[in-house]
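Residue numbering begins at 1 within each chain, and the chains themselves are lettered A, B, C and D in the order written.
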Amino acid sequence: MKLAVSCQLTYETTQNTPLVLMLRPRSGAGQWVTKEEYLLDPNIPVVEYTDLYGNLCQRLLTPEGNFTVKTSAIVEAPDTIDVDFNANFVPVQELPDDSLIYLLPSRYCESDKLGNMASTIVQEATTGYEQVEAIRKWINENIDYQYGHSNASTSAQDTAQSQVGVCRDFSHLAVALCRSLNIPARFVVGYLYELKPMDLHAWFEAYLGGRWYTFDATQTQPRGNRVVLAYGRDAADVALATQFGEMELTSMFVSVEPVQENETL
Amino acid sequence: MKLAVSCQLTYETTQNTPLVLMLRPRSGAGQWVTKEEYLLDPNIPVVEYTDLYGNLCQRLLTPEGNFTVKTSAIVEAPDTIDVDFNANFVPVQELPDDSLIYLLPSRYCESDKLGNMASTIVQEATTGYEQVEAIRKWINENIDYQYGHSNASTSAQDTAQSQVGVCRDFSHLAVALCRSLNIPARFVVGYLYELKPMDLHAWFEAYLGGRWYTFDATQTQPRGNRVVLAYGRDAADVALATQFGEMELTSMFVSVEPVQENETL
Amino acid sequence: MKLAVSCQLTYETTQNTPLVLMLRPRSGAGQWVTKEEYLLDPNIPVVEYTDLYGNLCQRLLTPEGNFTVKTSAIVEAPDTIDVDFNANFVPVQELPDDSLIYLLPSRYCESDKLGNMASTIVQEATTGYEQVEAIRKWINENIDYQYGHSNASTSAQDTAQSQVGVCRDFSHLAVALCRSLNIPARFVVGYLYELKPMDLHAWFEAYLGGRWYTFDATQTQPRGNRVVLAYGRDAADVALATQFGEMELTSMFVSVEPVQENETL
Amino acid sequence: MKLAVSCQLTYETTQNTPLVLMLRPRSGAGQWVTKEEYLLDPNIPVVEYTDLYGNLCQRLLTPEGNFTVKTSAIVEAPDTIDVDFNANFVPVQELPDDSLIYLLPSRYCESDKLGNMASTIVQEATTGYEQVEAIRKWINENIDYQYGHSNASTSAQDTAQSQVGVCRDFSHLAVALCRSLNIPARFVVGYLYELKPMDLHAWFEAYLGGRWYTFDATQTQPRGNRVVLAYGRDAADVALATQFGEMELTSMFVSVEPVQENETL
C-alpha cells in the first residue's frame, strides 16, 4: 500500500538544546520513499549524517522558545509481512558478520539475564521461527499494554517483572528473549497503518533462515503496512529524538493515511 | 537560497535493462533537503543503497518500452561559495585518511601523466588555494566549452590534448591536475542555479587548509546556489545514470528555480 | 616503550561452541604493532572480520575437548598518557558525528540513571577535563577494588550501589557518569604494563578538546605503556571472548614485558 | 599450505617523502595470518588505517637517506583455488550492492572501450565462469609476458594494443574485459608460492554464481598457495607502495617458503 505518513513534534525550551532526530525514512530493500518533506519552524540549520546502523540522523541546536519539526513522506510499503514457520535457526557460526552485534545484550535488552525465561517460553517450540513466534505470542498474551507504567529507563528485565508496558517495552523484551537464545534480534521504530491510538510505533525483527523477519508483539495477527524509520540494538540507538538538555515536548501529532494509487507524473 | 530542482529522464528500450541512478540529493553539512519527490512511470520496484562514497544510489530494472524517472527537491543551499586565497596546501602526511583516495589517479583523471602540465600552469602560484585557482582559471581560459567534441570515454588527458569539452571534461582535467600536485580533488555532480543552458552540471572540490573548497572551471566568477547530487573520484563513480545494456535516453529535462521563502508549516 | 604482550586462554567443552575473540591488537594512531602471533591448538579454521567500531574480531567454532588460543605481540606504545587540565568540554552540537554514539546509554552504562550522582561528584570541577578527572578520582577513592563481588552482568548502576568491583566495573561506572554529563566516553580493553596482578585490563577514554584522552580509575597516577585490544561502548561490545554456549575457561595467562630496543632487521 | 612470506624494500631519498604501504595481509574468509612482523629501519612513526576496500594501509614519512621496510608473515592459505565451470553469470540486478563498484571502469581498466574485444574472445563460451576462463586463457596465450615493455601508466587498453606486459598488465586487461561483459572483477595483489622469478604478484577475481573466484592470466593451470595483501579496482587502488615525491627503490626482496606444520604452542 502507498502510505502518507507524517509526524509533527513541538518543543518548548528556555535554552538552546542539542537535538538528534531520526525522522527521515530511507528507501531500501523493503520500502520506497516516493515523496518526502522535512520542515523546521523556525527554520534553523540542520546537519544530516548516517549512523553506524545506516540510519539517517539530523543534528540541530534548538532555538529558545517554541520549536516545531514536521516530517512527512509518501512511502510504498508491503501490505503484509512475511510469515514462514519453516525459517530455521541459523547457528551462530553461520551467521553473517554484520548480524552478530544483534546477539549482544544492550541497554534495554539484558539478554544475559533472561535465558531461563526464554527457555521456559519456547520449550515446546521447534528451533527457529517457531521460537520467535512463541516469544512474540507469549508477550502479546501475558504483558498488559498500558500507558504510564514505564518510562525512558524501563528495560526488558523491568518489563519481565512488571508485566506491563507499551510497544517499546514489548519489543525490548522480545529482542532480549530472542538474543538469549542466540537468535539475532533488532529493534525497529516507524509507522504502522491503522495503529490505535495512532502514534509512532516500535516492533522487532529476528534473523532466521538467512534473512530478517518482522514481528510485532503488540498485535494479535501479522500486519503489514509499516514504514521503517530506523533500526538499532534498542531504543538507546534509535530514539527518534534524543535531546541533550532540558526541553519539553509540548505536542506531538502522528498520522498514517492511504494514498490513492492514481498519482501521475 | 532555497532552490527547487528537478530532473526528468525518459528512456526507451526493447529489453529489461539494469540501471543505477544517483538522483536523490542528501542532506549534509552544506545543504539541507526540505522536500523531495522521486517518481517512476511505470511504477516499478526500486532498491536504494549507499555507495562507498556515501552517495544514495537507486537500483532498478527498466521495463521494456518507455520509462520515465522524475525527481525533484527543494534544497537550501548557500548563495556563495567560500573563497580563501590563504587556504594552504596540506602536506600528504597530514591529510585525513579518507582524503587520500582523492590523490590517486582514476579512470578519467590520469594524474600520473599530467604532472608536467600542472607544474607549468601553477609555476607562478603560491602553493595551496592559489595553485588550484590557477588551474581552474587556466582551464576556463584555454579549453573551449563546446558540445559534441567529447563523449563518455573522454578523459582528462584527452581534453588536455583536444582543448575542447564540456563541464565534465573541464572538471576531470582540473581534478587530474590538482592530484598531480598532491592536492586531493574530487568530482561533484549536481545542479547549478542559472546555468545556461540549464542541464545537470559537474564541478570539483579541492582539499586545502583542512577542508574541501568548491571550484568550477566552467565559470568566470565564483558562484553559489549549487545542489550536490553525488561526490566521487570521477564520472565513473558518479554517473547520474549507469545503464547495463542498450537503452536510449529519449528526453531529458532539468530545472532549477528559486523558491519563495515564506513557505510555512 | 616497546612491549611484548601475550595472552593464553584454555577452554574445555563437551560440544562445539561458537566463539568470537578480540585478541588481535591493531596498529593505529596511538600504537604500532611490530610483531604478532596468533596460534590455536588444535589448529581449527578461523575467520576474521572488522566490527562496527573497527575492532578485528576472530570467529571460530571450538572443538570438543580442550582448546587453547595463544596470542602475542610486540607493540610500541607511549610511555605516558596525555594529561591536559585545559582540555575543554565540547558542546554536543560541535562533536564529530562518530563520537555521538558514545553519549548514549549502553548495556552496562546506564547514563540515563546516573545524572544526579555525576552532578554531585563534579560540582566543584570546571567543565571539561577536570570533570572527567573528578569522576575518575572519585571512583578510585570510593569504590573498593575487590574480586568476587561482581560478574558478567554487573552494570555501572550496580557498582554505584555496591561500591565494589574490578577494572571493568570501575570503567563502566566512569563511562556512565561521563555520558550523563554529555561527555562522550568509551570503554577500552587491553594490556597495561606492570599491572598487579597481571591480567587483561579495562580503562576508559573521554572526548575533550577535540580528541580522546585516556583515563584509568583503577590507578592513582596517570600511567602509559598500554596496548589497546578493542574500543566500544562497554564490555558487551568488547568482550575479549564471547562464547555462545557452555564452555569452561580452564586457564588464562597474561604477560606484558619490556622488549630490548636494539632489535634489528 | 602454511607459507612464510616476506618482502623487504629499501629506498633512498634526499628528502622526507610521504609513503603509503599495503604490506600487511589481513586474516579473512580465505586465509589466516598466524604470525606477522613489520619492521622499519630507521624505526620511524607509522600510522595504520583501513581504506574503503577494507585493506590495511600504513602511512609514514620516510627519512632522508636510506630507509628499509621489512614485512613477513606466516599465513595459512588454501593449496588450490576453486574452479567451477557451472558458476553462472549473475544478472546485474541480482548482484550484491557492494560488488557494483567492480563493474565500473577504473584508471587502468577502461572497460568502456573494450566491449568488442571481450565479445570476440568469449563468443563460443557459455555465459558465466566459461567466459572469464576464456578471457583468462586468451590473455595467457596471446599476451607476451615480458619485463620492460610496460610501466606504472600502462593500462588495459595499452596492453590490448601492445600485446605485451607483466602480471599487473595481464590482470588489468582481464579485469577490464570481464567488466565490459557486466561481470564484476577486481584486482588482487599478494604473494604466490613458487612464482618464478619470485616477486610480488597480481591476479584477479571475478564474481560468479554468488561468490568471488580466483583467476590468474599469467599461469597455464589453476594454482593455489596465494597470500592476498590487498583488493581493489586496479593498481591505482592497491599499489603496495604509493610514494608522494621523488624516492628511489634501491632494492627489493621477496620470498615465499613453505612452513613445517609441526609448529606448536
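Brief remarks follow.
Basically, a contact is a pair of C-beta atoms (placed from the backbone, for glycine too) under 8 Å apart; a residue touches a chain by one contact, two chains touch by 3 or more.
Just so it is clear, the model here is predicted, and its values are computed rather than measured.
Annotation of chain B and chain C: jointly contacted by A, D, touch as defined at the top. Of all residue numbers used where chain B meets chain D, over half belong to both copies. The two sides are thus made of the same residues.
With chains reduced to the mean position of their C-alpha atoms, the one farthest from chain D is A.
Chain D has its Cα centroid 30 Å from the Cα centroid of chain B. Chain A and chain D have Cα centroids lying 43 Å from one another. For the pair chain C and chain D, the distance between mean C-alpha positions equals 36 Å. Each of the following residues of chain A touches two or more other chains: 49. A complete list of chain pairs in contact reads A-B, A-C, B-D, C-D.
Residue ranges on chain B touching chain D, taken from their complex, read 18, 20, 49, 51-52, 57, 59-61, 91-93, 97, 100-101, 103-107, 109-110, 112-113, 152-153, 182, 236-237, 242, 244-245. By the touch criterion stated above, chain A contacts chain B in their complex at residues 8, 24, 26-29, 32-39, 41, 45-50, 54, 56, 58, 68, 70, 263-265.
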